[in-house]
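Would you mind keeping the following structure in view while I ask a few things?
The first chain written gets the first letter, and so on, giving A, B, C, D, E and F; residue counts start at 1 in each chain.
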Amino acid sequence: MPYINVKITDEGVTNEQKQAIIKGCTQLMVDVLNKNPATTFVVIDEVNTDNWGIGFDQVTELRRQGLTSSAE
Amino acid sequence: MPYINVKITDEGVTNEQKQAIIKGCTQLMVDVLNKNPATTFVVIDEVNTDNWGIGFDQVTELRRQGLTSSAE
Amino acid sequence: MPYINVKITDEGVTNEQKQAIIKGCTQLMVDVLNKNPATTFVVIDEVNTDNWGIGFDQVTELRRQGLTSSAE
Amino acid sequence: MPYINVKITDEGVTNEQKQAIIKGCTQLMVDVLNKNPATTFVVIDEVNTDNWGIGFDQVTELRRQGLTSSAE
Amino acid sequence: MPYINVKITDEGVTNEQKQAIIKGCTQLMVDVLNKNPATTFVVIDEVNTDNWGIGFDQVTELRRQGLTSSAE
Amino acid sequence: MPYINVKITDEGVTNEQKQAIIKGCTQLMVDVLNKNPATTFVVIDEVNTDNWGIGFDQVTELRRQGLTSSAE
């Protein structure tokens, strides 16, 4: 009965990507821990880049400076 | 001083339902643990059904297939 | 398919109290949102009083000063 | 490599305030624990006042009654 | 810069399993979202079975009744 | 009424450091958002280095390789 919470920035995550994250995390619980997928939850939180900081700066600012790619 | 975080899908939760969740969780802390309601926090997160997975699938897809009722 | 996380201080919470918290939170989801208990998770985190702060102070210190009852 | 999650009500938090929260939390990890800011994450969650309860009531209701200032 | 929190019951998770969870979640972020692994965090919380409830009951009790396998 | 959750590795954090984290986070909420400290919670989670992954590896392994200082 795992619960997995995935926090990522809200930079155009597609529905296909969300499905892949859900399937991948669930499969990992089955493969590694033999968990039952029927009671495995995956919850994705998309966080605005203004609200995520790393190294003193908002991700929004890091993107503008080109210090990190949009993928990071 | 409990902190309770309730994560549910964002399927038309009404304001009355939110009030009932807050009152119910707080009363539970008073009844079971004799906690002070003035320092009991309840935070409700409403999660998009695309962002919640169970058994490999998005809740959005489970709803479409009728495998789970909207209440689940 | 709610997920409820209850954070409380680790001040001698009994097994009966844990059962009551789990039952109470689950029943609340059934009563208020008509959720399926089979996919309702309740996870209790017991936090050391040294690691919980309120109003600038550790709960450990508040207890010592008698500013809050052990129940709070 | 700290991860800091700040949950606050969504009452007009400005971008400057978000920057100050990110910088302040990161600096605290550097000053107190000598952590590397490059691997210090700060994530701010802005929660609707309908979804935050304290003392049995929604913050929305507390604001209307003037029992708490908007800053609280 | 994803942050992934994996909550599982504390039923003898080995170090190899923890490594596999960390590697698998990180690889998923690289494969699906092209994220930088250097800023991908995975945090595993092992929760006592007394503190995890599902369907009104503690996992401890479900295990005793044999209603769920230890793997679930 | 902010709630701040600080997740750090469990590498000998002293009680004085915990007090400094609690005081610093609370003061930040007062200074930046004019919040009431009496309803500001800070909860510190100390995570075993086996359970924290970054860049595919457990922090335990990164420490052994000397790739990161114990402070990071």
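Just so we're on the same page, contacts are C-beta pairs under 8 Å (C-beta built on N, C-alpha and C of every residue); 3 or more make two chains touch, one makes a residue touch a chain.
Everything quoted here is computed from the prediction, not taken from an experiment.
Undergrad: Give me the fewest steps it takes to get from subunit C to subunit F if each step has to go to a chain it touches.
TA: 1
Undergrad: Which neighbours does subunit A have in common with subunit E?
TA: C, D
Undergrad: Examine where the copies subunit E and subunit F touch and state whether the two sides share over half of their residue numbers (same) or under half (different).
TA: different
Undergrad: Greatest Cα-centroid separation from subunit A: which chain?
TA: So the farthest one, by centre of C-alpha atoms, is C.
Undergrad: Higher C-beta contact count, D-E or A-D?
TA: A-D
Undergrad: With chain centres defined as C-alpha means, what is the inter-centre distance between subunit C and subunit E in Å?
TA: About 21 Å, centre to centre.
Undergrad: Just how far, in Å, is the C-alpha centre of subunit C from the one of subunit A?
TA: 27
Undergrad: Counting only residues that touch at least 2 other chains, which ones in subunit D make the list?
TA: 1, 3, 7, 21, 25, 39, 41, 43, 52, 54
Undergrad: Work through the pairs of chains, note which ones touch, and then classify the graph as line, ring, star, complete or other.
TA: Shape = other; not a path, cycle, star or full graph.
Undergrad: Under the stated touch criterion, can you name all the chain pairs that qualify?
TA: The list of touching pairs comes to A-B, A-C, A-D, A-E, B-C, B-D, B-F, C-E, C-F, D-E, D-F, E-F.
Undergrad: Which of the residues in subunit E end up touching subunit D in this complex?
TA: Spelled out, the residues of subunit E in touch with subunit D are 1, 3, 39, 41, 43.
Undergrad: Which residues of subunit E touch subunit F once you look at their complex with the stated criterion?
TA: Against subunit F, the touching part of subunit E is residues 15, 18-19, 21-23, 25-27, 37-46.
Undergrad: Going by the contact rule set out above, which residues of subunit A touch subunit E in the complex?
TA: 1-9, 13, 17, 20-21, 24-25, 28-29, 31-36, 39, 52, 54, 59, 68-69, 71-72
Undergrad: Quick one: which bits of subunit F touch subunit E in the complex? Just the residue numbers, please.
TA: Answer in residue numbers: 7, 47, 50-58.
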